[in-house]
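Some notes on the structure that comes next.
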């Protein structure tokens, strides 16, 4: 991978330049929360953002969108007019999640809605310093080597820019005046120091090795019931999770006409009807069963399938669940530790 | 004596009715029945927090939800010793203008006009008056948009809360509202012309008293802590009981009000009669052009008064938007300075003066008295109707003519939506 | 429309024409469809045990097992029970109308591996729908299978799907056809009365290692039939079944059919072996 | 797909008329709406109403007099499907917040004294299903226009409409709001049916519960959580009762024995 340098004072110019490739999106602060938004003015971008409330997935498969239209003559594809976008400011964990989703949506049947958007989205990552909710060190996501076009590491007065794709390379080439291709030994030393410093900032200690076995052996643990009693089934944990892709499908009719749209909307395995089938049988009637599904998926089965957990350690569920049933406390509880949630 | 019961022509739905009892040419009784089910809202708010009170009382009416909210906020904030900053006041004025426009456009175009033009509803009216109906709907839609932007949603938005707003609308949206309001003025002006051209029957005209809030700034307005009466008095709203004197009436779930033992009228016509001279701009010109002494004796001019108020409100919107945007920072919600106290909030709902009077004890509502505009105009509604029926009967008019005239009078007062459409119950007692 | 779409959209239903429909029972009807595009109709490949997604615009989509056999190409057949929103509307369709269908999806029964061996097909209730596909396939390719047996339990003769079709098999000597009802309310029932498990004693003696047993039926049925199969010493991976879950996409994306944390029933199922089942919690 | 237009009626009982108004305020849809069925009765919008057999009756408002009881029964009798729209019809609305407690007579007297009405016999306000069978409920105070038209579209196609199975919180997360519960405010979001698009939390104000309870509301967990945040049971119960009326009586009974 190629690396170049970008002076911090040139960031604005650089983003303006890459903004030419597509609509620029980045983290901004709204009502005390960080959210990804389309950027009108580059100075609105807030680089202190750690985790945006909703992850980037909202851009690649929006909470609700039309899959196609239907009318008396049949079904018409509406896959088009997806804008080109540059998402700036994704962190390592987000990019890992992106890789997971890339793999998931390509599997067996390639999902055109995801991939049409994905193919028109450029990713410019940005380094971060973890807070007390991050634990991506435990999910092996501390650094990323793929899944982005460019990745900016903040090394004081300049960024070390990893070029991760040919598109990234084009972007760098497009603004030669801003980019310093001269990366020397000193710079790399700084980078390594930065990485080391970053690693030392993690405050949550958690060990996910062996989780698949622990989960397997905990199927009858009382933990599920206990947490199930508390769970509000609000779905917040799955909504904010960058790797949760489940959805529901609904037809929305034009009023009084035979035409309409088939809509896809985020669903959650925490919702009541998730596993409900006709006739009223619900394969996951109890909240405990739904929690079990969520956590076996994240911590056990996914590992079996892909060799890594479907959790990136971003801390969003820790930040979100009103009753504290997040992946961290569940892991701790399954590992037999007392945790106050 | 024989009783003949004339069933109403149209099915009576909802919650209002007119009952007329006559014997030969002699009128026994003319009643405007308010049959709306009792909800006892004043008892429900006892023991609730001020925030809860606002969320409950706004639901008295979906059309004037924001007037109720506004009156409640003003009453409660007085009781709690809250002074809201000017940005909050300006945004509240904007939401109030939105509601006036929403209510008036609904009433004038969709409810009153079809009557005069002889259609059962506005959709049917659209065949001949297509462009007018389309523009009227656009105006109503705009008004709903103003309410949505300021209050959070079209109806029962919770955004205006005790001490301020939960969230302030974005600048671009407000500027767009100002622009749209300007663009609507020509249509509103045309509507004034259309309504002014309708003939207003004069046979039942009579004197009355008009009451409205005194804005206190020499201007025309929809809110004030004092009440201006057409007899020249100006009274503090705290004295509202001496003005309204609510009394029970066995045919009405809304109480009737009397001022010094006499019926009185509130609403657009009262505001225009009392304060119209103060209107400036286009609305002022239109007022001067169309106002005449008959307005003081004939409630049907309320339709025209509402049309002129719409022009006024549209002109007011951009000024109010400027007033909001004058303060770039969004003020945080102001906290109460005391937990016990009393306060009366008075505002002009589209159909007249609305009072919310509260006593707060230890942070909870201990006493509440809400006086709605329709109740205040009720005695006048019946007075004018009775006079009209007497005259029509003496002229030998038939039932349907009487029914239509009675409806026109009731509806002109814009009492409250479900009461204002097709609801005449007509009983005639004739000698055998 | 602007930029060309690069990826084929697997979610778009294709037009199919409803050729024939008639009732199998009061609430289960037979639907025979064919792709409007003739080339598509003739080239459609599938295997017994697979399903398709049927769309009713304005209402939605639902999965249905293919009941016809790939050995008779061109036509696709479904047996559909009326239970809810979509099935209600399917039941309102008239012959010759056009509906949306996509698929086939899922993993069918491993017919290649089953060939050369004995095949015992056990159906209960709606299980007859997917298994009719396998049965017809085996009958059409009779020489590729050793002993062939059918066990079908229904509540009453009137509840038995494809009753005539199956009864006619009783006259054939290349298939052992064991039909049973819980209760005979007609008095004219030529088959057995009693639970399907009792029919196992009638089964010709089979070498369990060379036998595949396939069972599809209501959830309660699996436990008992599997117990019988195990008694016969049929290896766990040669006991096959098909499972039902909620589905919204049929292609491993929407998540509703997930079992055991990551198995998408629509991709890796709906057919599973009992070996899979013992290894995954919450399967049956 | 040409089909026979259905006969439809909309009726308002005790309430603020907000739900009918939501329909009237949907200017963009109004003409399609009137064209989509035979609107036999819609007192708020038109005066040429007919009393005919109906395919669907939409009922707004709660029942608060003996006369209304008879009227709603009469409508039920001639309607194939009866749909309650709005919280008053579904759960009784604000006027039913004291449901299940004594004291309605006393409260009535405190407003109207010893007087009685000539034309109506008032009773304690109750939801529609206290008097007639209700086939479908569309809650909200007022209803959400998009949801109404989606439900309406399904119903005129004679299919059961799909309603959210999730609480307001889900919509609140979709809108990326800051969670007010986590900030220590008394937000009812987790207990309340989604459908409003989380308007109140999106304005930084706690959900007051105007869509009534979500089917699977975990009331005991929410109470436990709010108690931990320092609210008293009385405060939480009061807040929940304001808009949820008859919808929460059972849960409260299970939790506290009495209501």
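Order of writing sets the labels: A, B, C and D. Residues in every chain begin at 1.
Everything below uses one rule, namely that a residue touches a chain if its C-beta (ideal position, glycine included) is under 8 Å from a C-beta of that chain, and two chains touch if they have at least 3 such contacts.
Note that the structure is predicted; figures quoted are calculated from it, not measured.
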### Query
Expressed in steps between touching chains, what is the minimal separation of subunit B and subunit D?
1
### Summary
Max Cα-centre separation from subunit A goes to chain B
#### Entry: Middle chain, criterion being Cα centroid separation
D
### Summary
subunit C and subunit D have mean C-alpha positions lying a whole-number Å distance apart equal to 44
### Message
Suppose each chain is reduced to the average of its Cα coordinates; what separation in Å results between subunit A and subunit D?
### Response
37
### Message
Measuring centre to centre with CA averages, how many angstrom lie between subunit B and subunit C?
### Response
66
### Query
Measuring from the mean C-alpha position of subunit A to the mean C-alpha position of subunit B, what distance in angstrom results?
52
### Query
Which residues of subunit A are in contact with two or more other chains?
31, 250, 253, 258, 260
## Note on the structure
Multi-chain contacts in subunit D, i.e. residues touching at least two other chains, fall at 153, 157, 162, 204
#### Entry: Of all residues in subunit B, the ones touching two or more other chains
167
### Summary
Touching pairs here come out as A-C, A-D, B-D, C-D
### Summary
Per the touch rule above, subunit D residues touching subunit A in the complex are 1, 29, 32-33, 35-37, 149-150, 152-154, 156-157, 162, 165-167, 169-170, 173-174, 176-179, 181-182, 189-190, 204, 215-216, 218, 220-222, 224-225
### Task
Would you pull the subunit A residues touching subunit D in the complex into a rising list?
30-33, 35, 52-54, 63, 72, 229-236, 239-240, 250, 252-258, 260, 266, 268, 271-273, 287, 320, 322-323
## Note on the structure
subunit B residues touching subunit D in their complex are 10-11, 13-15, 17, 33, 35-44, 47-48, 52, 55-56, 59-63, 65, 102, 106, 110, 120-124, 137-138, 140-141, 144, 152-159, 161, 165-167, 248, 250-251, 253, 417-418, 421-422
### Summary
So, in the complex, the side of subunit A touching subunit C is made of residues 67-68, 70-71, 74-75, 77, 79-81, 104-105, 107-113, 115-116, 119, 219, 245-251, 253, 258, 260, 262, 267, 269, 274-279, 281, 283, 289, 293, 296-297, 300-302, 304-305
### Query
What part of subunit D is in contact with subunit B in the complex they form?
11-14, 16-18, 21-22, 24-25, 27-28, 30-31, 34, 41, 43-51, 61-65, 67-68, 93-95, 97-98, 104, 107-108, 110-113, 115-120, 122, 125, 141-142, 145, 196, 199-200, 202-205, 208, 210, 238-239, 242
